[in-house]
Amino acid sequence: MITAAVHEREHYLNASYGIKSWLLTKDHKRIALLYLGTITLFFFLGGAFATLIRIELLTPTGGLVTSETYNKLFTMHGVAMIFFFLIPSIPATLGNFFLPIMIGARDLAFPRINLLSWYLLVVGGLFALFAMLAGGVDTGWTFYTPYSTTYSNSYVIATALGIFIAGFSSILTGLNFIVTVHRMRAPGMTWFRMPLFVWANYATSLIQVLGTPVVAVTIVLLFCERVFHIGIFDPALGGDPVLFQHLFWFYSHPAVYIMILPAMGVISELISAFSRKPVFGYKFIAFSSLAIAVLGFLVWGHHLFVSGQSLYAGLVFSFLSYFVAVPSAIKVFNWTATLYKGSISYATPMLYAFGFIGLFTIGGLTGLFVASLGIDVHVTDTYFVVAHFHYIMVGGTIMAYLGGMHYYWPKMTGRMYPEGWAKLSALVIFLGFNLTFFPQFLLGYLGMPRRYHVYPDEFQVLHVLSTAGASVLAVGYLMPMIYFVWSLRFGQMATANPWGATGLEWKTASPPPVHNFDEAPVVTHEAYDYSTVIQEVIEVG
Amino acid sequence: MANHVHAETLELREQFNTAEQQKDASTLGMWIFLITEVMFFGGMFAAYTVYRRAYPEVFAVASSSLNAVLGAINTGVLLFSSFTMVMAVRAGQLGQRNMIILFLILTLFFGGVFLGVKAIEWTEKFEEHHIPGQAAFHLEGLAPDQQGHAQLFFSLYFAMTGLHALHMVVGVGLLSFLIWQAKKGTYSTTYFTPVDVGGLYWHFVDIIWIFLFPLLYLIDRHLGK
Amino acid sequence: MSEHIDSTKTYVAVLLTLLALTGITTAVAYVDLGPFSVVVALVIAVCKMLLVALFFMHIRHSNQLTKLVVLGGLLWLGILLVLTLSDFITRGWTGVPGK
Amino acid sequence: MGSIPLFPEQASTIAPEVDHLLYFLLAVATFFTLLIFGAIFYFAVRYRRRSENELPHVVHGGMTLEILWTVIPFGLTMVMFTWGAAIFFNQSRPPDDAIQIYAVGKQWMWKLEHLEGQREINELHIPLGRAVRLTMTSEDVIHSFFVPAFRTKQDVVPGRYTTTWFKPTKPGKYHLFCAEYCGTKHSGMIGWIYVLEPQDYQIWLSGGASEGSLAENGQKLFTQLACDNCHKPDNKGRCPTLVNLFGSTVDLTGGGSVKADEAYIRESILSPQAKIVKGYDPVMPTFQGLVTEDQVLQLVEYVKSLGPKPGAAPAPGTKAPAAKRSAPGPAPANQ
């Protein structure tokens, strides 16, 4: 029940009021919420594009929208989802909010730079929105030259600028996290006492810092080529369009790990908290995050197997690609083993975690298919690849993101979400997701190319199934949106540690005070030490 | 309950516990930023390597059309500016406020000279029709089918020196800020991190030029003369 | 961090060395060294980079982490260059156009 | 539901090889999916939380397990790599006896040209049981030649040649798709591959209104562009002879050598200064903008027809010369 005492306590949400106190805040927790609002907007924007795409594909003849519009839809779906939702998703919201708290810091190392990163994302997002509203962009989110530089008549420049600016948001977030983890840990918080979520975000930050600049400069060159007609990649001058693909994928493949690594971090937290056990093989999971970050930079050429890249480069990149599979497998096995002899709760976040492991397993295993040269020649640029990366990015990242949202919602807002609805939404999303994307594996192997507006009749049944699934999925995604907002006002008040979880974030009040802790924390235990927590749970009742 | 939050000052912002922690964090932050800059220029170096390997003769001819004397002078100017910059940092370490200001102004001056020389070079390029993407582009000494490859060289030349110059302009802004702050007496022996960190940036821009100079200006000069 | 304050003499010496290397690299470009031209140019550039980084940027006195960051950055630049070139160098090895 | 296709037709020699690898991968994937799903399900039920203050025993990890589930997946992936690479090697290297066909992609159509001179648009007729080698280029953006029934795909890149090949094993009509997004009507850049019985193919070949073979057209163009002013049948011209050039190794000015393949000949026509044959002056003008990609293909085919017959060993010591000429003022090419 709501008590007066709870109301009076000062925390980061009620410490100050007014629009300025938010737009000029240096508090990482408030900035996390600003990010949350921004990326939610882009998620539903991208989702709206996806809905139109799926409706269009109900019929093979392309009757709903023109080819031009369709091409813009899938491009803008990709741009909105990848650059303005998935890449900032977990690091900028949950990471921003919890990384400092988890290591016992009062804030990130550079709070003003943190706020700047949010503004950069907003400005980049406005450029992209302008491009979308002014008429759209039709190059595909990959911007392959020479189509993007010479042939497209759409708003390539505004979109590219938007992505360029958002890239700096990502770089600065990464930089901030790395410095914070190195320099801001509380006394006693050694590297191997850090929660795995911190490890995962640290690894992610490395990628953001090392990879993003390359795509930034690639976009600059693309920009110059389109505006000033200087031809860095122009075949008419002897330039090589495949070079663009190399530079683009040098970032954009590791970018996949920017999306999935923080998700893996969330899952480690959830699996441990809801089995009440330390994560099995803590160090293996920690190091596998770093291994993924590093190895992820050695494999980009597997996007170029049929591009005209040399045979030998193809062999090298395929070989290296399989090395990334191993740390991912290690994580899945360790999570599963954590359940063994645990005390497993079926709370909503755990259901999302189960969903994540299942979908990520399928997404990861199909990754082995596309890394194999012989199969990739057939399935690349088909719906097989579309299904594969949606299993990773939607089935993986978004499941973990929602799982994390439910898990941390009480801490962030001080309110509980409605458990029954939440369980239902987890189930609906899992089923809807599989119905949407599993048929796409079949479509892909059958030979349905991606980015096709009209398609041969024989593919229709599978497309209809996929669209049916998408409508279920859409309902699934709208549900949390609604009940989260509802809970802000009507949700039950949350205690400091509603899950009986470990970690400094659960030792401070819900919502946390402005400076995160009332008393400077000192860490004396390993991560995931449940013996002391259970005592508290029993006492609180 | 002991409140662990202290009042915010320039040398000890509220998120940090000690001034040393803050200085370490700032320095590390700048180094990581410089690594992102390495990768940023790295993309262009990769493109440069690919095309120079593909069209070595054209690159040699195109490179020889650049003004090596001005390039060398500019390298020297930039090295001098790095020297004055490090002297400014040294003055910061010693707490000599006037020396900080003097050396920063000298650095600013050399930076300005570099940009001036750069502007002269670019103007020459315009007059010689060595601007890629223009119909009038023509590089003497090359066959018609090599003009495209020469344009690639000049595209890279302008992209690389242009982005380098942009970094110089940012650096000039940074120096102006530091001079202003130094005049206000912000810096002392205990707090001159901005000078230190600004210096790192300035030296980094110098290092980029150290590579740009031989790679763009000095390809097989012996062929031409 | 205990401050190391280098002497002005050190900095002047480094500056003079850098200027001398600039002169050498310019002069050497006019000498026909065949494929070694580019090697010499890059070796000199790397030496200059090391001088600036070690002395002007104080890496000599920096902690291990800073050194690690710098080495890591250079390693990643190497990855970008080497793996990109792994395609361009091996093109045409099979004798089948486009493979 | 019986009418839903779940598996693509196998119509080339590569297709069953790819599918076998797929079966292996499917088996591995199914095994691990069931293993993980099964374990999660079993643990979730077996170790469900029975009371709120339950504290399970701590299990920190096990080195043996970690090693096992590192090494076994790694071993499996190496099998996948090797197997996939072997198929790819095969897919990348056309057999010597393959029929040569040329393809040019442009927004949004496929132009296919047979050596005999037949030209097709968005259709390709090929004989059953003969390997077909496609040399492809694009006039504008990147396209990709994709035939699902053959399990083959290759991007078609402007400014250079790429190659793919297949050997059809089943007569029929198969989809041809453009698989690399190429603009507004990307999904309309589709066509059909007709695999004909050899005798039907012969009938088809003779039935088409041929305007002369590719090589013949190339020869006409060669004269028309006055290439023959310099490239004489012997080495007495100002330029190297083109006889027996194709497939030989050419020594270049400034050291190095190059194999005279389609890509080299194309480059020599469009960018003659790029590689100069040893002993000759760089006097040939470029034909960039004067000839279309189709015409370049005809010239390439003509030069090939002057080369050693397929299968015959190149004459020893053929120091083969590239297409270089010096006569100024080439006749404007018809567009």
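Odds and ends about this structure:
Chains here go by letter, A, B, C and D, matching the order in which they are written, and residues are numbered from 1 within each.
Here is the rule we go by: a residue touches a chain if its C-beta (ideal position, glycine included) is under 8 Å from a C-beta of that chain, and two chains touch if they have at least 3 such contacts.
As the structure is a prediction and not an experimental result, all values here were calculated from the model.
Common neighbours of chain B and chain D, by the contact definition above: A, C. Centrality by Cα centroid goes to chain A.
When every pair of chains is scored by its C-beta contact pairs, the maximum goes to A-D.
Chain centres here are Cα averages; for chain A and chain C they lie 36 Å apart.
In whole angstrom, the spacing between the mean C-alpha positions of chain C and chain D is 40. For chain B, the set of residues that touch two or more other chains comprises 24, 28, 32, 35, 38-39, 42-43, 46, 50, 54-55. Residues of chain C in contact with two or more other chains: 65, 72-73, 76, 80, 84, 88, 92, 94, 96, 98-99. Multi-chain contact residues, meaning those touching two or more other chains, occur in chain D at positions 92, 154, 157, 160, 162, 271. Contacts between chains leave no pair untouched here, as each chain touches all the others.
Within the complex, the chain D residues that touch chain B are 254, 270-274, 282, 285-286, 288. Interface residues of chain C facing chain B in the complex, by the touch rule stated above, are 1, 3, 5-6, 8, 11-12, 14-15, 18-19, 22-23, 25-26, 29-32, 37-38, 41-42, 44-45, 48-49, 52-53, 55-57, 63, 65-66, 69-70, 72-74, 76-77, 80-81, 84-85, 88-89.
Looking at the complex, you find that chain D touches chain C at residues 92-94, 135-136, 154, 157, 160-163, 259, 261-263.
Remark: chain D residues 1, 3-8, 17-18, 21-22, 25, 28-29, 32-33, 36-37, 39-40, 43-44, 47-50, 52-62, 65-66, 69-70, 73-74, 77-78, 80-81, 83-89, 91-92, 107, 140-142, 144, 146, 148-149, 151-155, 157-160, 162, 175, 177-188, 190, 271 touch chain A in the complex. Of all the residues in chain B, the ones that touch chain D in their complex are 55, 57, 142-146.
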